[in-house]
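Written out below as structure tokens is the structure these notes cover.
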Amino acid sequence: MAKVPVQFTLNGSEKAEFIESGTTLLHALRDKIGDTSPKGGCHQGTCGACSVIIDGELKLCCLTLAETCNGADIRTTAGLAQGGVLHPLQRAFLDAFATQCGFCTPGMIMAAKVLLDRTPNPSREDVVEALSGNICRCTGYEPIIQAVLLAARANSQNAA
Amino acid sequence: MELRKDYFADVRKDGLNEIGQPRPRLDSPGHVTGQTAYFADRNFPGLLHLKMVRSPHHHARIRSIDTSEAEKHPGVVRVLTAKDVPHNVYTILILIQIGPEDETVLADGKVRWKGEAVVAVLAETERAAQEAAARVKVDYEVLPAVFDMDEALKPGAPIVNEYHGRNYYLYDSGECRKVRFGDVETGFGEADHILEQSYQSSPIEHAPTETTGCVVAPEGNDRFTCYTNTQAMFFTLDNTSIILQMPGSKLHFVGGTVGGGFGGKVDVIVEPIAILAAKLTGRPVSFIYSREEEMQISSPRAAEKVVIKDGVMKDGRIVARKVTGYTDAGAYSRHSPYGAQKGAAHYPGPYTIPNVWIDTYCVYTNRTPSSAMRGFGVTIGDFALEVQMDKLARLIGMDPLEFRFINAYRDGDMKAHRQPTEGAALIECMQEAARAANWPVAEKYMTMSSYRKGA
Amino acid sequence: MSLALQTFSTVKDANAALQVSGTLYLGGGTLVIRAANEGDVSVSNLIRVTEPSLSAISVSNGKARLGASVTMAAIARQPELAPLAPAARAVGGPAIRNMATVGGNLFAPAPYGDFAVALLALDASVATEDGETPMEAFLAGRDAGRAIVTAVEFSLPRAESFRFLKVSRVKPKGISVLSIAALLQRTADGTVTSARIALGCMADRPMRAKAAEKALLGHKLTAEEIAPALSAASDGIAPITDPIASAWYRGQVLPVHLGRLLLS
Amino acid sequence: MAIRRGRGVAAINYPTGMNLGGDPTQALVHSTPTGNFMVTLSSVDLGQGMKQIMAQICAETIGVPTDRVIIDTADTDTGPHCMGTFASRGTHRAGNAVIQAAKEARQVMLEVAAEELEVDASDLETDGHGNIVVKGAPQKSISIFDVALSAHFKRGRSISGRGMFLIPRSYPDKETGAMKPSTCYAHACTLVEVEVDDETGEVTVLTVKNVFEIGRALNPKMVEQQLVGGSWMGISHALYETTEPYYPSRDHGGTDFNQYLMPGPGDLAETEIIVLERPSADGPFGAKGPGEMCANPQIPAVANAVFDAVGVRVDTLPITPERILRALKAKAAG
């Protein structure tokens, strides 16, 4: 089977792999590169568990072919903590008891991150909209919404 | 959330060091960093992918299966059919002596629901497995199917499952599980009003974000490690041991970190065939349900029909309750005989009623087999019971909450199953709910207690 | 035989490659990659085009031209396209909107394709290498078309003349029970002088509510005066039945929601 | 057009553990050389937090902080048998097994400490912070760290214990149905307020007030997680969910999260949770299983509220806008 080269930056480090043409970014990240933080919950684009940030935009890596990401800057939840210190969103998810089974959590955190990067002081409606492509079956969403609002408050307090 | 410590303070020891403390969850840091290892996060060199060829028909005889084109397809390593499965006809509750064995791992001669597994294809890539699956030729003779429980129970209906020979499960008590307490007909005779109503539900999916699946790796030494998201490790291992006719000592199951279950991962479906595939190919094997399979192939919560006939007095006492419950098991038993029986154990609800008659049936139809789900055997029954309670209250012109107080079970009350009530707290829940919602309830109910003197 | 992606720098070259059987054009991937993931093995070649014009938005002289690869998110955040933002935001969640394209939406079967409903009401034209086709004709022939859509073009509506409504069971991003887009020109006293109403989920693809359009002409948007249009809204519809709603339900609530949109 | 309000109530109970019993679970507990405690199980954590709760139960029983406990579960090569995670049984069954195992380990620990302190083991207690102290003489103490070292390297004792919990199986009488389905029951009462659009049949759940009696909130924040999520699922079952929207017709089953309907983050009702604790006689620290029960009462409460709002009964789940609209039209037609 024809292999094609892909090269991109994942959480700040250069990655280069030969993959089969037509491989999704989800499979490339999980099976080739070993970043299993994006989860394959549906492979349909309907659950959001594989959400990653590509060149600053939230994308679903189950519907993205890896070879279309050459040269891209890709961010995943696995790369969010810096030097062993959790990102404020990760901290807030812990403090708000916003994880149960945890399978949706990396995708939720990615969706929340692009929101807070652009809208540091979001309204509840902003958070609801930002999370609307991500399915959670355990929590009923409310703790996750609260966690994102908590992270936003923590950020604005740090900035003040 | 508010913890109301003032209720039942006399029977509870508070002030413990660890119990009752809101400690952070030890697993959450792994969740928020994406480091928690679910079964599918393990990768093995040479991993094969299993895809299932499924029945496009609700009910059909299989005239022939031709796998030759699939076997020749590039990337295909092995194609499995019923003859490859050592103990192909099984049922999972056989472990607690509930039979008969009534389901096939891979269809043999017949399919009984649309989506039933017929042929398993193993290939180097998912794509190759999908392409080969499309090349398997199965010649079906379509048979009449039955989807409606009432139709299925009529004489002359197509028989869904020959291992039962009738479209309902035969309990030791007969065609249904029965509870008989007091004399329900006498109760109806005394009642001021009688209300008989029918309730219906549709199948419901657990829809965990992580689909059902497993990854199997040969350990060498003729042992196999199965990384799985089953909800029941040994239950799955022991059933696998029966299906594969392999000593349990050859099986090693690793799991325990699951992306949501809700009862959807207690069937034993993916593990036996994946382990068989690993054994026959000597390769690691992955069998993970697609989302589509999770939604339509994995067992849902059964559809249920519940018929409730009540006799009620003008003063609010329910004097007789007759419940007939029907659980739509789909084509195979799985956990449904147990679930229907659990319904019989749950009715007539948390109320003290002197005359009770309960029949619960487990019915077979040509649909996706149903099985356990959060609230198994109870959830739909509670819907029926509590809507019925609302109707009864309105029928006699009584406040629906006060009506429940009158009938609520209390410590020492004899239940229909001939067990005295212990540890009741329904009254206190209703009192607190009335307070929280400013729902006016007469003082005599607000001062009731689940305790009874001497109980 | 696996799935292979070919990348072209021009639409012309890609169009030639698209004639090979088993080949599909890859837009945002929300339809095509999903199908492949779900086991549709009928497609073995995907092609895409990197021509920059496909991702361009241009607005001039009251005309908007959206390249086929323009995403819903790009439309929603473009101030000059503000009247279309509600329709763009009606598509999927944030990640899907960063991927789903104008071109892809034209091909999305009901209950998807909410943005195409808006384009139909706007009387957009659809551009391919072969020329421009009006939306209505394009939609009618979309299953047979083999030429890559390069852009859509339409007159930008004034905000007050364009209305869009999507009804869904799940908020804020459920798929459609139905969607309605209406372009209404009115005189100073509010009398409707022209009307184009497009409906989603009332057939397998977006359709016009022509009888309702006609019934609105010369009337003001009051409960009394729109009543004939609401009665006419169901003319010629064949709503889809799917897990979201039945054809019966969609047909029943269409006049209700159209009425609410017109009176809003 | 009219938006009509209604409210409804439901009250329920729910059995803890596999119906009719016969569902064993075992646990092993042992100390590491430095006085950490390993709990070995084969129970499964589905996300409800079984690992954390077993750690707290073990910690409380041994008398150490929870972060001194490690949970090793769900490896059939090491973990003893557990029937599985279902039927609201995890906390109750596995918790009891862990208590029994931890008690046995604690006894050995106290015996070793007694030898080190040259007192009687019955005179010792744990302070919950990692020390064993002489009752009434707290200045005389030894750390569990030192006790474990002593047990391992000096006194040759295994600080360990075995736990097993089994409720004997009950067999229903064939004729009367006499049986013992469960040893303890959780309880709930839920009140909901809804708005119903009488032209479209659409329902908006405004408020949900849930009172749950769960025996004992072993970790209140985790109880809250379960109950909030369960309440959401109950609403979801009431109004949205099915794999067969036109049951008993098999057509049009949803295959993805767009077609399989559940309330989104924009559909959330204002939800209040109140918890009562009447400890069960046989639960670990009185705990019952709230995990399933918490998703049940919302369903009939919503159904009753819809009736209260628009005066039609929908006795078929889910209570879709279509079913409500059909009922309203039937009612209007007389």
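Should a chain be cited, it is by its letter among A, B, C and D, assigned in written order, with residues numbered from 1 in that chain.
Operating definition for what follows: a contact is a pair of C-beta atoms (placed from the backbone, for glycine too) under 8 Å apart; a residue touches a chain by one contact, two chains touch by 3 or more.
These numbers were taken from a predicted model, which means no experiment stands behind them.
Engineer: Could you name all chains that are in contact with chain B and with chain D at the same time?
Structural biologist: Chains in contact with chain B as well as chain D: A, C.
Engineer: What's the chain with its C-alpha centre farthest out from chain A?
Structural biologist: Result for the farthest chain: B.
Engineer: If I rank B-C and C-D by number of C-beta contact pairs, which comes first?
Structural biologist: C-D
Engineer: Find me the chain with the mean Cα position closest to the mean of all the protein Cα atoms on display.
Structural biologist: It is chain B that sits nearest the middle.
Engineer: How many Å are there between the centre of chain B and the centre of chain C, using C-alpha atoms for each centre?
Structural biologist: Inter-chain centre distance comes to 42 Å.
Engineer: Please report how many Å separate the Cα centroid of chain C from that of chain D, as a whole number.
Structural biologist: Chain centroid spacing, chain C to chain D, equals 47 Å.
Engineer: Give, as an integer number of Å, the spacing between the C-alpha centres of chain D and chain A.
Structural biologist: Going by mean C-alpha positions, chain A sits 30 Å from chain D.
Engineer: At least two other chains touched by the same residue of chain C: list those residues.
Structural biologist: In chain C, 2-3, 36-38, 172-173 touch at least two other chains.
Engineer: Would you give the residues of chain A that are in contact with at least 2 other chains, written as numbers and ranges?
Structural biologist: Each of 1, 20, 22, 42-44, 46-47, 97, 100-103, 128-129, 132, 135, 137-138 in chain A touches at least two other chains.
Engineer: For chain B, write out the residues touching at least two other chains, lowest number first.
Structural biologist: 25, 27, 125, 127, 207, 258-260, 262, 290-292
Engineer: Could you classify the connectivity of these chains, where an edge means two chains touch, as line, ring, star, complete or other?
Structural biologist: Drawn as a graph, the chains make a fully connected set, so complete.
Engineer: Touching residues of chain A toward chain B in the complex: what are they?
Structural biologist: Residues in contact with chain B: 1, 20, 22, 30-31, 34-44, 46-47, 49, 76-78, 80-81, 86, 89-90, 93-94, 97, 99-106, 109, 135-138.
Engineer: Applying the document's contact rule, which stretches of chain A touch chain D when the two form their complex?
Structural biologist: 42, 44, 46-47, 97, 100-103, 127-129, 131-132, 135, 137-145
Engineer: Could you pull out which chain B residues touch chain C in their complex?
Structural biologist: Counting only chain B, the residues touching chain C are 51, 74, 125, 127-128, 130-131, 133-134, 290, 292.
Engineer: Applying the document's contact rule, which stretches of chain B touch chain D when the two form their complex?
Structural biologist: For chain B paired with chain D, touching residues are 1-5, 7-8, 11-12, 16-23, 25-27, 58, 96, 114, 147-149, 172-174, 177-181, 197-205, 207, 230-235, 237, 251-263, 265-266, 291-292, 295-296, 300, 303, 338, 341-342, 344-346, 349-350, 358, 365, 367-368, 372, 374-380, 382-387, 389-391, 400-401, 404, 408-409, 416-419, 422-426, 428-430, 432-433, 436-437, 439, 450.
Engineer: Considering only the defined contacts, which chain D positions touch chain C in the complex?
Structural biologist: For chain D paired with chain C, touching residues are 1, 199-201, 240, 245-246, 252-254, 258-267, 320-322, 325.
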